[in-house]
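Shown next, in structure tokens, is the structure this report addresses.
To keep things simple, chains are lettered A, B, C and D as they appear, and every chain counts its residues starting from 1.
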């Protein structure tokens, strides 16, 4: 199979580096273009970016010359956008108009009614919105978005419980510093401390969830009729968000029934190269899941649940999976 | 005023060291006796204990000779017990029988119906149980207990809201490692990690709260008719428990009304030497309270609340105050 | 005694906040002026600065209006400069020219031959350079500087050993993140990690030490004839630099003789309000000094030494004392 | 090739778990026996050990029944010993006498003149001591030992520099908590702190190095004529020891010559399955090596050096490689 040619917008930042790391040696994708701000354009990647991913900077990427974030400069079919939200609104539209498939990690378009907010394991049918979007906006390309990272972890677990009739969800998060970007959380803020506040995070969890679990009726997504109340905290963990949930459901299932639902949960995505064997991993140990032990489960693509108790209360740990999203588009 | 002669049982451990640190130079108390296990008895305190409190080991204490934990060896009116729960059950009874007032940090007697479980700022009238206890057990002394540390922080804040009719409480804690004792949490367990489980902690928060907020009718404490659901986590913080609460109340107050209730909350204990000016401190900053910034508020005797939102949700930070409890006895 | 009127240049940053915290309620100083960049000037301090010191923002300071960093706007006798090095060079000269005594924490002027680089406990006689400076530059005021924080800790301890004939010094530092400023070290850089590099730090330790231990001959400071080789590391500690030293001395003293020299070390500064009883504290425990336990010794003004071994090797822990410097000027 | 049958002594502890993790699916070894204390013997491994390695407990190991640490119970050709030093002295001798090859991580036998202290990349010829040992002790088996973990990292780097004539070495370590075992460093000891002392560690680095770099003359190892002075510190890092070295050499090489020696260093062990491509990796970045970024280089079998400066000073980061040692025996 011929590889799909992909580019990264905002290639030098933290999320951009993650994209590069995951796209290198990917069986489906060929990373053709690295685009970044004017300050970086024209330089070799190794000279423009301070590489901070544990995996060594791939040799090919190091020597690649960065182009400006401009539709005329990017030679790819799909672009992964790691742009900041303020720039993303205009630029991603330019790319979609110019025929690119834009897979965005920015929050700018997430809540637009004609833009899919996608967790491939949760709501693949929402991709039907792409036709709506193209019709309405007269774009040759399109924009699809992924949710906020703490939302992805929570909703992936909730998806297994929709059969019980989700009603009220309360979630207290203990989120890793990586979610704020490399310079996002100063060490002086977090050593021997935690921050019980993440700007806009609670609102994102409370609104994105309704769309993600909503129903696509062929022309629009009808929000799920549930209530989410979030309390978001930043803790001294590098990677992996931990979330303590209370989930009230119409059928009032027992912890054992909830556990069974987690165990039974499966997807149709097993032909995707990065799809893990189990999307939801159930831990039976009394003190799991833990972020350092469980964040890399399923190659980082699984969420791990545990401590399922009366309430229903449980703990879920996960990190943000980027790339399956795009595999799913095809 | 002549000083009250006090002793510490279990003087060499972590809690014992805290007791010593707080009792030294106290205006009301004179620390006469340090009691510990056979292994330590007969040694000078400085030779038996590895002092780990930031404040330097008081010179007088360093040279004091430790006695066995035996009623015949302890020369004091009040003993503060930092004994482990398994030993506390028998030994504290021996001391109460022998006429000592036993102020215990152990969990052994907390839930006995004739033993006061006390937060002086919350339920001072429960001290009336002492008479019941003495009548029933034919003791000259008595046992009074303090709650679990995470319970104290939560209930001190809830106490200001009882007027609204407390119904359901959900609490996710992010607790400091100090609560587990010096050797309680290995660094390998908590660096770049958190543990979403603390043995027996959720149960303690869920049961102790009902007693603390219960009504003393002259002969017994009638548990409060509320429901508490806890999810307890250990995080990489030295001192100061942070708790994210959802509080459902009959009167359905607004966040502003809840804030006012916190601001108005006061006690009759201002003649006690360690009582802070404000038991509940309200932080208006969007990212406070934080454990490192707020744990020492009011000399460590205050709890700090903030982020009061619809729900009602709020954050509370506090550490365990020991000594006011005993001041209150007099 | 009438208080000395003092101002802070660069009042909103991390070092500026430290200055404010220490100058508030100081027995000698009255904080009259807070100066900061144009962005902050005209605002109340509480609106311009995000206060990050544990001690609450003093009420008087909170309401004070910030002025621009301009000699005409500052009403004070002494200004403490927390300016960044690039701005400090020009601005501090303006202030000195205009008659202010400038006590600078910036590195710009430290190595100028006519500017005192001062640790009051170490080289108070270097203040004689002020006359040289005024003569040469025709300034009514003057500039005096304090050394780099890791230098202060090391040299304060070395000062006790000069009698043995210092020759070669090797020092490996483990420095706190606070030394880099609030945003200086991202949490992603330091959680489960350390950074074996601090820009320019080794050079500062190697050169400043020679000047600090040099001799003032009435017109200049003749550098000490010693050799310093530093290897500087940043570790996950909030405050308090820890340094492992090897000190080769002409007299080849024993560890016991070195310890005696530390114990005997004293200064003439005991009439200064913040001068601690002991500038050098000797710890006998095998695992001390430690930054969290010892950084606040002597109100933060002492350094703590320990583990004095053959070699001579020892460990020293300290934080940066700012204010004694100025008390010393008078 | 038929697999070599191996066992682990002390299989439930931290080092034992590392052995198991590395021996599972190893191309040369078949893990036949797990031996542990009486308390664990007779239980399934999953019931006796709290598995703490990130890699999931291998299914086969989980169900395996633990045997006592007894020569009659162990069915293997080689045993890897993770026994505590006090037990290792007697038990390892029993196994060697009974014909087992004992590869020990304990310190008990390291400094015996007839026992190889081995870093395969450094002193493979020391295995010649096995014949001496067998002759002298009349053992059918033998004991070989690996050095202390901080010694391995340092000496692996020093080995590349022996051609310059090593004379004096000063080393300040910043060691990970994992080196002390799972319960070795309480979190209360290391959060916002470091410990400038590790029991016996400095002595081990100073003596083991002389043996490791010594010459085997056919009957004994003649210690290297160098001097090592160590200052060992524990820091808040999970894995990976960082060491700041000063190395004085007879030939007084330049930093560039030292770097070339590191780059040229190679071994004859490339047919071993876990031998990395480069044993010594040279980092050119000004702030590398760092423990979190470089500890897993070469599958954890490489050490990473950087910041090679006049002095000669440099930084080295490494973790402990266990298994190559045994591959080398064959």
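We adopt the following convention: contacts are C-beta pairs under 8 Å (C-beta built on N, C-alpha and C of every residue); 3 or more make two chains touch, one makes a residue touch a chain.
Quantities reported herein were computed from a predicted structural model and do not represent experimental measurements.
Visitor: Go through B-D and A-D and name the pair with more C-beta contacts between its chains.
Guide: It is B-D, judged by the count of C-beta pairs in contact.
Visitor: From the centre of chain C, which other chain's Cα mean sits the farthest off?
Guide: A
Visitor: Could you work out how far the Cα centre of chain A sits from that of chain D, in whole Å?
Guide: It comes to 40 Å between the two C-alpha centres.
Visitor: Between chain A and chain B, what's the gap in Å when you average each chain's C-alpha atoms?
Guide: Roughly 42 Å separates the two chain centres.
Visitor: Just how far, in Å, is the C-alpha centre of chain D from the one of chain B?
Guide: The computed centroid separation for chain B versus chain D comes out at 46 Å.
Visitor: Check each residue of chain D and list the ones that touch at least two other chains.
Guide: 191-192, 236-238, 292-293
Visitor: Report the residues of chain D in contact with chain B in the complex, numbered from low to high.
Guide: Within the complex, chain D touches chain B at residues 52, 177-178, 182-192, 236-238.
Visitor: How about chain C: which of its residues touch chain B in the complex?
Guide: On the chain C side, the touching residues are 54, 191-192, 292-293, 296.
Visitor: For a test of understanding, state which residues of chain B touch chain A in their complex under the given definition.
Guide: 170, 172, 174, 191-197, 229, 231, 233, 235-238, 242, 244, 246, 286-293, 306-307, 310-311, 313, 315
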